[in-house]
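Order of writing sets the labels: A, B, C and D. Residues in every chain begin at 1.
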Amino acid sequence: MTELRRPPRKRSLRSRLTVALAVGALSAVVVVAALAQSAGKSAFIGKLEGPEVVTDPAKLPRNLKEAPQLAALVKAGKLPPVAERIGQDPLVIKPLREIGTYGGTWRGGFTGPADFWNGYRCCSGPDHLLFWDYTGDKVTPNIARGYEMQDGGRTLVIHLRRGMKWSDGRPFTADDFVFWFEDIYRNKDLIPTPSAAMAINGKQGEIQKVDTYTVKFKFPEPYYLLPDVLAGSTPLGGHAQQGMNGMGGYAPAHYLKQFHPKYVGQAELDKKVKDAKFDSWVRQFLFKNDWALNPELPVLTPWKTATPSNTATWTLERNPYSVFVDTEGNQLPYIDRVVLTLAENLEVINLRAIAGEYDFQQRHLDLGKLPVFIENQQRGNYKLHLDPGDYGGDMIIKFNLSYEADPEIAKWMNTTDFRRALSLGIDRDQINETFWLGTGTPSSVVPADSNKYNPGPQYRKLWATLDVKKANEMLDKVGLSKKDGEGYRLRTDGKGRLRIEIMTLGGQFLQFTQIAEMIREQWKRIGIDLTVQEVERSLALKRTAANEQQLGAWNNDGSEHLFTFPLHVFPWEVAAVSTSGPLYARWFHSAGTQGKEPPVRMRELMEKFKKAYGVPEKERIELGKEVWKIAAEEVYIIGVIGMGPASMGVRVVKTNMGNIPSRQYNSPDGKTPTISRPVTFFYKK
Amino acid sequence: MGAEIATSLPQPTLLSVRNLKTYFAQDEGTVKAVDGVSFDLYPGATLGIVGESGCGKSVTARSILRIVDRPGRIVEGEIKFRRPAGDGGAGGGQVVDLAKLAPNGLEMRAIRGAEIALIFQEPMSSFSPVHSVGSQIIEAILLHQQVSRRDARAMTIEMLRRVGVSSPEERVDQLSNQLSGGLRQRAMIAMALSCNPTLLIADEPTTALDVTTQTQILELMRQLQQEDGMAIMLITHDLGVVAEMATDVAVMYLGRVVEQAPVDAIFHAPRHPYTRALLRSIPRIRSRSNERLTPIAGSVPHPYDRPPGCPFHPRCADFIAGTCDRAAPSLRAVGDQHSVSCFLYE
Amino acid sequence: MLVYIGRRAVLAIFTVWAISVLSFAIIQLPPGDYVTSYIAQMAAMGSVVTDEEAQNLRIQYGLGQPMYVQYLKWVRLIAQGNFGMSMEWRRPVTEVIGERLWLTVVVSVAALILTWVLALPIGIYSAVRQYSVGDYLATFVGFIGLAVPNFLLALVLLYLGFVLFNAHIGGLFSVEFQDAPWSAARVWDLLKHLPIPALILGLAGTAQQIRIMRANLLDELRKPYVVTARSKGLSEARVIVKYPVRVALNPFASTIGYTLPYIVSGSIIVSLVLGLPTVGPLLLKALIAQDMFLAGTIVLLLGVMTVIGTLVSDVLLVWIDPRIRLEET
Amino acid sequence: MAGPDEQRIFVASQWQLMWWRFRRHKVAVASGGVVIGFYLAVLGADFLAYADPNASEAQRSLMPPQPVYWFDGWRFSPHVYAVKGARDPQTFKRVYRADPGQKISIRFFAGGFEYRFLGLIPMTRHLIGVDGGLDAGKTIFVLGTDVQGRDLWSRLMYSTRISLTIGLFGVTVSLVLGVVLGGLSGFYGGIADTLIQRVIEILRSIPTIPLWMGLAAALPRDWSILQIYFAITIIISLLGWTELARVVRGRFLAMREEDFVVSARLVGCSQMRTIFVHMVPSFMSHIIAATTLALPAMIISETALSFLGLGLRPPAMSWGVLLQQAQNVQTVAISPWLMIPAVPVIIVVMAFNFLGDGLRDAADPYGR
């Protein structure tokens, strides 16, 4: 019956096949590979595009318009006129294709309160002071009207938008920054440990008010990366995402003061806390400052939480004071409401997407279901898009370089050629075809060639191709030449076969366990005995923290923004579900006071990395390339398949939605789809 | 003494069973529970059927009532039953062959309970534990007689009184397990006689009762018999009971009647070796039913391997080698109303 | 009678206490605590929690203390009728469980009813016609529910529902009714979503019930009072239905009490697959996230339900079945 | 000399009767056969499997079951057609096309990958295979392949081994627990009884899944698959014994009162003798029945645990694991054959249930 449904284009495939068979020499395999590369990819991967922020004052719209229901409220006197609400300096966004029309509800799915990222990604605007353009490459003004670097990168001056309001109509001013800095960030109970984001080379900076609409971020040393930090998903990355952690760079002072001991007596506060059944005033404060959980919280985001994320439906409604407008001055967003319905498990979310019950869903969609998504496009009247990431590893394998439990294993994992050989032992095409359905790219860890930190095309395949012969030679050379009866290499300390264990997590965007199993089979050919250990999240964390992990499977999404999202490039994470060396990470963060000193080449990498924060972009880019070079040459982390749509790259969008980019920049830093400005999405009439 | 009358006056038989065979067909072989039983029962008379447990007494009774459990079925023989004339209505005095009727057919059901009633062993469990005694009797009455529920209830109470249940007005609404064994058996009798049947089949009516109660119940039965003049088919292994109650006796062994005779003949001039053996074991018989009668050498053979020839020969004192283990003797008259099946008398 | 109930009640209280201890212990068994799994979540989403923050969180949640201290703290809370705050949902446990609990009951009851509608007739039939073809067929049908791995069945039905009937995927409400206040329309919407879950949950229990009914009835059918009834001249059907079935029903009816909680805890997996807003998936998530109070409360709740259920059943049995009543008093 | 002699006859005939009653339950008998068959498969798993269950190959990912052609013209020579696969660039499904030109004939007792039969005798023979064995690059997939192109049939065979033995071990453990505790509880009664009854009630009052999760999660994960496998078994049975205990206790209670036991006591038989000579015979049958009925529960539990990711995990192979990997939309939608592992589960569970019922009915027609 597939015969019937198959589109005419299939002919070409069949004819090609017959040719292939006729020729005989050419096996179907080749054809498939070819097809997967050419036709397959192009089919659903469009060209990168997106809306833009208009900064040129000349282009700013003269008069402002608003959604009908808000207009009604204004008429009823329940709401000040739109111009007052937005203020003098609207945040103007040029929609991707057309000016939209108001109305409609955006239906999506989420998996519970722990899935708050779902909301940030769709509806937070974002409320970063600065944010990326749609290419994810350039930092542009966002909530901040403008910014400039002063005295050699030591000071960043931020210009706020005059007359801009919180969602409750109270002005948004420099005081909200001061309050955050003095009363939240500097409060030892709320923030026990100062954030690295607010520091350069370990030295803390501070925030100062210049005037009502101007603030200064001052640092003792040059901190040229700060704009990127403000734009990225960092502790300074906006109030919506970071409020719950007491970070974000600013906060609604007028609202939060009533929950802060400094402004209400401790006694009175304690009573409040007790009545509200909170464990402590800190928990209460952070709860009150939680964008997803507290509907009362004044926010700057275009949509604000109406029913919180800890209920069956997480509903967000338009913020009447939203500062976002389109080029014709229509206050954004176009879409009235966003309703995320709770789904108890991922299969349900996927099936609902397939059934067309969602208007725009990207998170939690499983690449493995691609054929099913495609098959049901007409029926669910949605269109499927693939948004491959720009990062080098949809799947990476981390060596725990500071492993100590088993000296022999530790020794080998710290032997560069051993790591390289293992990487050469992986048949990436097999894995790509099996788990990426051919949509990924066999790759080392380095990001896409278009990425500004990419060290050059030659690094894509460096130590990232299948070469069993060479791998075996290298392993023999490093001293693992002895093998047992079944052809597995023996340990040099006479303790039998060299068994390495890889730790995988179930229930991720990718089936790491199954992939690891496939690699286990492939590594048999280079005489390496791999044991696959699937563990559940908190256990994984416990074992990495205890430095017990040997190999770990994960992905390096985010690493396309090397400096704002450096989790998976070298030992950086302290608490990770998959680590490349907790002791080294400690050493790095404690500037050498804790942990264990890494080998020279890694120290070099770390140096360059640190340095990059304090130098202007041009120089930083060079350092970035250096970092990637070392990472790729040393193979601290094996890149398996990269630049694929596996994590959050499968997107299902109703056909009647407008201003939808055919491909968007898929990255955590870009809070995709926020980087495509969902405020400009709308329903075609 | 009522006994003498019954035997002396010749009258039409109430029930005449001829060569009745009820087999249980099972994978592992056919159990010939009843294998050619014949006997006659006269109105108002009392026929005692004796034999060790497993000899087919109860099956015979159930065959007559046509309530043999699957897979048992009547394969041969006839059960001629004379239906009461007059008020009995249905079959004014004519004779039907119960063996030919459909077990659950209208006619059979009309006879069952109304004209032939059954009381049997376990008085403990022969009443439903969750329905009141009264309701179960009332049900029987309503089933066979055109009377209102109220009348039925009245009749029930009356009946209970007749069987000697004290303060029947309360008892009628009590549950069976609130009654003592004796009372239950009385209630049982009450139910059986509620539609004044012409034939009462009493299957080990007293075995489960203590001695004193036994005699009371037996006394009651005899009294009622005199009042209503129904015939009783009394099944028991207790020769004492037979001696007290029966006018005639049929001795059964492994599904066959080995000897049938008036009660005196059985007790004073038993012919069949088995009968003799039984009699020899009288002193020890007042005890639980499910116990084997040890004095008779060996035990009843397993139903599946019934011995060839005379089924009793393995245990027989007067066993004639070459004869008894070859053919089975037939039941032949050896005197006035006295018949035996044994080669000793051929 | 009263004495009996009293004695049972005392025992029940003891049991409940034991359960509270056990459930608390169970939740502590897995490695790590809520904070660990929280950090893991964060890490999985690319945000980082430093050791210091983690330590701080632990103190805030009082996770540092030894287990017995935490247990006592918990018990004290419960004593005050406050089941604590769900760490993951950041809401009072009672609120979180709230509607879910009784939706669970609705689903379970539906399943229960279905079970009986299937089990009773089948059971009776296959007892009366023991070893007949019908017996085999009926039992076979009954056992299917038992034999099919219900999580798979659930998924397949879910998919077929979508392919064949364009049914709304999973859950118990359509989007528009998700949070709507109760109304006729909402109830109707609920009813529309009920069949599939009820079917899957029901099937699992059916075999069990068939077996009980069959066995009970076989047992009763051989009792003399059945012969008595027959010898009265009652029609076969009447004999069966009025006497043995009635008696065999007693232990059956008495299972009501604990079948419900049994189904509830049995429904966890199915609810998860079908995405039902019941306590099942909640419990599962809570256990995985090691959301102590939430998980603990649910487990305790189910435990108590079972205990009470059992108690009720036994009392019920004693009440409806005179035999036992007489033995007891 | 008559005493023990009669005793034996009595017991024997009792078993004999049981066997007779059992035979009447046709389906039960058939089920018995099925069960035996499955356990034979457990022994000969690697003989029945014809491909390395771990050998993966992207180019045969998700290959549907291959139809087997039994006759070539009129000649009996079972064969399959060679298959070429490609991913359709439009639908992204893998499309496989059989090539009637290329027949791959199936050989019985053909050579294949090496294994040790019953763990002892090294062998390369398998029930079926292709001539030339694996190296010929010719392949058959009677049940198709999974995502990683691994042969489902062979995986199924190996899974059967684990899943069915897990049930067996589990039941054995809970049997011991059940009989001992139930016995104590039933024979002595009193405090022992109340105590054990409490424990049972408590265990039954706690929803099983948290118990599983708690216990399973408590297992050290760096345990080898085998260790985990045994641990899981123990866990399942730790919860499974209560039912058995209940049955045993019931029997003991019933028996204590029975005449022959009482009389045996009166006659002054030692307690052991009372139990083993007089009680156990009529008692074993029930245990057997109860055990048989407990087995399917174990098997189901195993699949459920795996579904929750608490049981055996992939590398390991069990019915639960296979089903767990089939537990997704794409399987139902485009590769339904991956759900085949449900079939043996259903068959076995059914078989055990019928068998158990048969045994129980045979054991005592009156009670349950």
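Note that contacts are C-beta pairs under 8 Å (C-beta built on N, C-alpha and C of every residue); 3 or more make two chains touch, one makes a residue touch a chain.
All of these numbers come straight from a predicted model, not from anything done at the bench.
Chemist: Of all the chains, which has the CA centre nearest the overall CA centre?
Modeler: If we average C-alpha coordinates per chain, C lands closest to the whole-structure average.
Chemist: Higher C-beta contact count, A-C or B-C?
Modeler: The comparison resolves to A-C.
Chemist: Distance from the CA centroid of subunit A to that of subunit C, rounded to the nearest Å?
Modeler: Distance between chain centres: 40 Å.
Chemist: When the C-alpha atoms of subunit A and subunit B are each averaged to a single point, how far apart are the two points in Å?
Modeler: Between these chains, centre-to-centre, one finds 92 Å.
Chemist: Rounded to the nearest whole Å, what is the centre-to-centre distance of subunit B and subunit C, using the mean of the C-alpha atoms as each centre?
Modeler: The computed centroid separation for subunit B versus subunit C comes out at 53 Å.
Chemist: For subunit A versus subunit D, what separation do you get between their C-alpha means, in angstrom?
Modeler: 45
Chemist: Quick one: which residues in subunit A touch 2 or more of the other chains?
Modeler: Touching at least two other chains: 347, 351, 354, 536, 539.
Chemist: List, in ascending order, every residue of subunit C touching at least 2 other chains.
Modeler: Where subunit C meets two or more other chains at a single residue, that happens at 30-31, 155, 159, 273, 288.
Chemist: Which subunit D residues touch at least two other chains?
Modeler: 24, 217, 327-329, 333
Chemist: So in the complex, which bits of subunit A are touching subunit C?
Modeler: Answer in residue numbers: 107, 112-114, 117, 192-193, 233, 245, 277-280, 282-283, 287, 290, 293, 307, 310-313, 315, 339, 341-345, 347-348, 351-352, 354-355, 357, 505, 508, 536-542, 557-558, 565, 567, 573-577, 668.
Chemist: Provide the residue numbers of subunit C that touch subunit B in the complex, in ascending order.
Modeler: Contacts found on subunit C: 223-225, 227-236, 243, 246-247, 250, 321-323, 326.
Chemist: Please give the residue numbers of subunit C that touch subunit D in the complex, ascending.
Modeler: 11, 14-15, 18-19, 22-23, 25-27, 29-31, 130-131, 136, 139-140, 143-144, 146-149, 151-152, 155-156, 159, 207, 211-212, 215-216, 218-219, 222, 264-265, 268-269, 273, 283-284, 287-288, 295, 299, 302-304, 306-307, 310
Chemist: For subunit D, which residues count as touching subunit A in their complex?
Modeler: My answer: residues 54-59, 61, 84-93, 95, 97, 99, 147-149, 217, 221-222, 309, 313-315, 325, 327-330, 333-334.
Chemist: Note which residues of subunit A are touching subunit D in the complex, please.
Modeler: Of all residues in subunit A, those touching subunit D are 2, 5-7, 9-10, 13, 17, 21, 27-29, 31-32, 35-36, 38-40, 43, 347, 350-351, 354, 366, 368-372, 374-375, 429-435, 437-438, 501, 506-507, 513-514, 517-518, 520-521, 531-536, 539, 543, 548.
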